[in-house]
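Several structures are given next for inspection.
Consider the two complexes below, in which chain A is the common component and chain B and chain C are the respective partners.
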Partner chain A sequence: MTAPLLTIENLSIGFRGPDDQPVFIVREVNMSLAAGETLGLVGESGCGKSSLLLAMMGYYKPGLGRLSGSLSYDGEDPGLISSHQLQALRGGGMALIPQNAGQALTPTLRIKAQMIEVLRLHSDLAPSAWHPRCIELFERVKLPAPEQMLKRYPHELSGGQQQRVAIAMALAGEPNLLLLDEPTTGLDVTTQVEVLALLQEICRDLGTAMVYVSHDIQVIQKVCNQIAIMYAGEIVEMGSRATLLAAPVHPYTQGLLASIPRLHQQTLPRPIAGEMLQPVHRGSSVGCGYANRCLLATDQCQATSPAPRVVMDRWVKCHEVEAAVAGELIRPAQKLLAPALGENLLLAVEDLSVSYQRPSLVRALLGHKPLATVQGVTFGIRQGEILGLVGESGSGKSTILKTIAGLQRSLSGRITLSGTDDLAGPVESRARGCLRKVQLVFQNPDASLNPRKTIGEILRRPLELYFELAPTVMNDEVDALLHRVNLPESYKGRFPGQLSGGEKQRVAIARALAAKPELILCDEITSALDVSVQAAILKLLLDLRADSGVSLLFVSHDLAVVETLCDSVLVLEGGEVREAGLCAEVFKNPQHAYTQALMKAVPIADPRKRKDENDVVHIT
Partner chain B sequence: MGAMVDILKGVMATRSGKIGVVLVTFHLVLALVAPWLVPFDFDAQSAVIDHAGPSLAHWAGLDILGRDVLTRTMLGGREALLVTLFGTGLAVIWGSFFGVLAGYLGGRVDDLIMRSVDIFLAIPWMIFLLLVIASFGNAPMVMILTLGFFYGIGVVRMARAATLEVVVKDYVLAAKARGESTLSIMANEILPNVRDVLMVESAMRWSWMLLAFSALSFLGFGVTPPTPDWGLMIANSRIYLALAPWPVLMPMIALSSLIIGINLTADALAKSLGVDKTTRALV
Partner chain C sequence: MLRLIARRLIFAVVTLWVVSMVVFSAIELLPGDACQAFLGQMAQGKRLENCRTEHNLNAPAYVRYADWALGLSAGDLGKSIKRSKPLEDIIGPRFRNTVILGMTAALVGIPLAILLGALAALYRDRRPDLWISFIAIFCMTVPEFITGTLLISFFSVWLGWLPGIVIMRADAPLLDVLSKIVLPVMTLTLVMVAHIMRMVRTSMIDVLASDFVMMSQLKGVSRLRQVLMHALPNALLPTINLIALNIAWLMGGVLVVEVVFNYPGIGRLSVNAISDRDFPLVQAIALLMASLYVGLNLIADLLALLLNPKLRSRGVG
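Up next, the complex of A and B:
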């Protein structure tokens, strides 16, 4: 057997805290990667996966450094070689494909100049051979019309094309190792499928080894043969794709897989209680990082860090492996029940068209019609119904939401609430009682809560605005709201910055509930959250609907989430409705070609269900 | 109140902040208690030879009219501090109101406010100020209103720029969708989030306004003699600088130490609040 390409031994990355105690971002990681092997690093945000990836290139984010351990690539440690050697190594021996290719490309240089820079630094080619090599690389990554592509600026390319250019640049130095940092995260699901297929093909044809970092295990299993699960800076389980996915052993892996909403599952994903502790809060504690969320945690888990063991053909770091293998974690999945929907139509949207262009007088006189972002959309929501609005970016789903909320003017069409309230006008023209009935929850909880207000102040505001309450009643009401979204009352005095992402989103939901609304508009409210936290929010929404009979309009790009949560669904493409109906029917038997393509593009994290793994879906 | 204590702690955590706060506090306390501390009357003339240097009786010597330089220096910052403190307050209040309004409403209101700002910026302020003082006199109230108005124009631009970064945030949109009034959104959602920028800006404005006021006094427009004032003292005694440096040096030291103190405090404030001092944007 040949020597491994990359070896990591006992690597810890972090910084020294104020009291000189080490704060670990990555802790005691061991792994090795043979030439041509593909490894996926999976973990939630803040688990240290990106720091570990960058350390493989000998790079540490400002303030961070290697605390202990060793790292060797091709017999040399990237942390110890000279800067000249390091320069040759990065882009030559190993290449990084970043998350956001649009930001990684220089906006003021044409693509050709940027490609040639890589070839000049990392290849022995004569200048005359640079251009043909660029064309060859672009054909390799399946960019259409390579000659024209070279002449363009980065902003003239689509997101998927930019990512292909970044891959071509990475391949230019003929690297032995590709490092990928969430390369498909910002892409639409249909584009993601194409990029993943390309990466698979590159690994197969060129024999390049790959380390692929992602929060999404469903994406990882498409391209990687080996999977490592990271939690709180440590690799907790590592093994081949087939063994790991078929029978996860570590309690966290089990919880993670159970918390992913899947298509055609018809059960509610099971959340993992709590959230991952941030590195500063973990401190230099010696116990297992997952102990605070683990159902099997014992005193021993709190006290000592588990030693790695080999169980069932994989490498696991857990004290309670036997109990975990015995399956004590498996609880009966909650079957989704068909809700008892009211007969009354709560919201009726008829022939709605929206445009972002301001209709100018001259244009109107000349008979120009403004370009519509949303065109002739008609749908209704019954009392207690959850309607999913699905589509890729630019399909107009958020625009429809904003128009109902009164933040965007409609061009034409009617929106009525409970048959009486007219919602076609902007916020300013609506009565307070009408405003109260429709509440909005945003995608990113970091931006939707005022950082200078305490949680108590944030929740009190809608109460002051819509109801006349005595101060003591107001306080009780705030406590009740926090209780309803499963947050402790002590959070009243905290600022949003002191809460985790999932907790912030709970506060945002509580703020919407404070108004006692009849309809809550949810704009991708789980897409900024980790999957184990997302499952808890989905459960919360279903509980709230069951308690109060509130209706939800749920905008999402994630089909599995929509199928799990929603009663009915509306598929949008380019501002028009492509398909509408009950979730159960649409997902079982999609009629429109676009819906079918969307569904086929969803990666499924179950090796038994992947018969068509090498199929590439092309959307026309 | 607790927030203010935290901010002061942040400023005092740096060395430049410590020096700055000590200098500014010294000048403010001195301005308050100087009338009870000074050894002589500010306009009492001594019979001794003029241009006398430091002596046991007159620590900083005498000026051309035989008045005690130390006494006049200790009292010379009072009117300047009074006018500039209220002037800065006025500038920040009206400037941030219109700046936040322009940034939040945008469109035609923004155009109207910002073009008016451009027009006023095009007028040389010193000439305009001289015109106002010539017509309405140099009473402190007139000075506060004119300086406050002129220095508020820059605050409008600053506050607008800071607001533009905040208005795109979802919490502003959430407040709008909730049906909050424009004033409530400005006061509750935007102002607390541009506060840091405005605080650093007011500190900088204060030091510039002090210099402007002293310049006016130097030109003879700020303070009426015989009231002691640093700018006026420098103007009156500078022709004898070679013969008698003390009457010029003392007010210069006083004025510079105050300006340096304010600037060091502003620096430390910017650093502890995370505001970039040159662009005054949040970093």
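Up next, the complex of A and C:
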């Protein structure tokens, strides 16, 4: 065996809090990577995976630093070498492929200038050879028209092209180790598939080692042979892809896999109760980081941090390994049943067209029609129905939702609610009673909740607006709302900043419910959340529908989520409807080529066929 | 792109037209007319009549506005009431002096402000930043006449190195002017640098925290190159308009500084015009100032367009 390319021993990253107490972002991580090996680091947001990745390049985000432990790349510690050596190492020996290539490329420099910068620093090529090398690299990453690409500025490229440029730039220094920080997260599914295929090919052909960081285990398993699961700053389980996915041992790994909505599985994803503590709240506590969410947690888990153990060909950090191995990962067996839906349409959208271009006088005189973002879309939602609107970015799905909400003017077409209320006009022109019936939940709860108002005030606002209530009734109403979204009453006095992402989204849903709406418009409301939390929100939405018979219009780019949650689905491409129908039918047997392409693009982690998929519910 | 520029140009012309209307009607709304105002107590009988005839005040307002506007578009500013000279000859040399003073201050001050702002951002919250920011805020809060007076007492009275006030004819040759304006330029620079430097600092701090600067660092780019190639051009984009405003402020004749240093510029001329109640002159200066602001803002917008690749190609589409 050759010496490993990268070794990490007992590495802790963080900062010193008040009283000089260490606050850990990454805690006691051990790992090693041989040349040519591919390792995937999986974890939810805030688990420290990006900090760990950047530390491999000797980079710490402002305020963070190495608290203990050692790192070694090719025999040298990137934290101890001179800044000159470090500059040679970064982009040369190891190269980073960043999360959002669009933001990682300097906007005022042409692509060529940025490519040549790397060649100048990290290759022995003569300046005359730089241009041909750029073309060669662009062909390697399959960029169309490489000559033209070089002349462009970053914003003139599509998201997928920007990501390819970032990959080409990383390859320019011929690195032995590629570090990837969620390189496909901002991309559409079909683009993601292409980029993943490219990465697989690069690994195979160039034999470059990779550390691939992602929150998405389904993407990781496409590219990596080794998988490490991170939770609260620690690697809790690490092993080869096949065995780890087929038989997860750590309770968190089991929970994570069970919480992922998957295509063609008629069961609900199972949420993990609670949410991961953020580093500041974790502090330097001594117990197992997962103990507060773990179903198997004992007193020992709260008191001491588990030592890593080798269990079944892998490496696990858990006190209760035996119990975890024995207790199987179970997905709850609830079949998704569409309730008996009435025949009456609650919302009818007929021949809707929307354009973001304002019709200017000159254009109108010349007879130019404005460019429509949404063209001739017709659909309906029945009472109590959940309709999913899927499509890639630019498909017009959010535009349709905004138009129904009255935030965007339509060009033509009719929108009616319960056959009587006309929703074609903008929100200012709607009667209060009509406003009440349609509520909106936004994608990002951080931006949609006023940070200076308490949760109680936020929930009272729609109650004051739509209903005249006595103060005591109002209070009871707020309590009831919190209760309906499974939040404790004590949250009334808190500010949004004191809540976690999932909790904030619950508040946003409660605010929509306060108006007693007939239709709730949901704009990608789970895409900013971690999977284990997303599953809980999906469950909540289904429960609310069952209780109150409210209809939902659910916009999402995630096909698996839509299949899990929705009764019917509308597939959009370029502002037009490609396919519509009941979820059960469309997903089983997609008719349109675009739907088929979308479904094929979903990376499915299918580690095993569950034997007990249908009828066992484990309650511990 | 061309269409965008054309649109901006049309807007600029329309703005100026509106301004000319406002200026004209403001003067029109004052009680009495220009001759009455100028002659004061002597405004009666033959004298008033002659003055009115000479300046064509008997015509209705719209005719006079049309005359004035047509004259302006042909480069004829009109005639002063007090100094029976064409206004061009009165305003010309003084405006030149103000431009010389303002441009010198801008040429010294703007690069200095960018340099200091970038330095302050790079050393954020450490000693160099604290010192630069402290001095900048100090200069910003102290009024120009105090700064000017302090500089005079230090450099002229105490050290005796530089003349305390400018003694020259309005149409003195360029070299003469340059040799006399060291202190006024210093005063203006001190005031102006602070504004621009604060803005550059803030913008630079944002850019230094951006993904692309971090990425350039992780590509192994040296610190100097990160700052000069990746950070600074992006940090300057939002400051272009502020810089243009500052230049317009300088060109507008910085009244207080011109008075303190007895400098024959447009600022002092405007004060004199008002105290003489020479309305045609006031009108002409007001319009000149407005065109300056409009013109410089137009240039700043176009410059921002040229320097920012994103705006540039949006114009194409």
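We adopt the following convention: the second predicted complex is superposed on the first by the 601 of 620 C-alpha atoms of A that agree within 3 Å, B and C clash if a C-alpha of one lies under 4 Å from a C-alpha of the other, contacts with A are read in each partner's own complex, and residues count from 1 in each chain.
The rule is simple: a contact is a pair of C-beta atoms (placed from the backbone, for glycine too) under 8 Å apart; a residue touches a chain by one contact, two chains touch by 3 or more.
If you're wondering where the values come from, they're calculated on a predicted model, not measured in any experiment.
Chemist: What is the contact status of A:T243 with respect to chain B (first) and chain C (second): first, second, both, or neither?
Modeler: neither
Chemist: Touch test for A:Q596: chain B only (first), chain C only (second), both, or neither?
Modeler: Touch partners of A:Q596: none, neither chain B nor chain C.
Chemist: After superposing on the shared chain, does chain C or chain B touch more chain A residues?
Modeler: C
Chemist: So, A:N444: does it touch chain B (first), chain C (second), both, or neither?
Modeler: In the superposed model, A:N444 contacts chain B only, not chain C.
Chemist: Scan A:L105 for contacts with chain B and chain C and give back first, second, both or neither.
Modeler: Only chain C; A:L105 stays clear of chain B.
Chemist: Quick check on the superposed pair: does A:H122 touch chain B, chain C, both, or neither? Answer first, second, both or neither.
Modeler: It touches chain C, and chain B stays clear.
Chemist: Which partner chains sit in contact with A:S68 here, chain B, chain C, both or neither? Use first/second/both/neither.
Modeler: Neither: A:S68 stays clear of chain B and chain C.
Chemist: Is there a shared patch on chain A that both chain B and chain C touch, and which residues make it up?
Modeler: Chain A residues touching both partners: none found.
Chemist: Write out the stretch or stretches of chain C touching chain A in their complex.
Modeler: Per the touch definition, chain C meets chain A at residues 209-222, 225, 229-230, 233-234, 237, 307-310, 313.
Chemist: Using the touch definition from the top, list the residues of chain B that touch chain A in their complex.
Modeler: Going through chain B, the ones touching chain A are 169-171, 173-180, 188-189, 192-193, 195.
Chemist: Which residues, counting only chain A, touch chain B once they are in their complex?
Modeler: 405-407, 427, 430, 432, 435, 439-440, 442-444, 447-453, 461-462, 465, 511, 515
Chemist: Which residues of chain A touch chain C in the complex?
Modeler: 54, 57, 59, 62, 86-92, 95-96, 98, 100, 103-109, 117-118, 121-122, 153, 155-156, 169, 173
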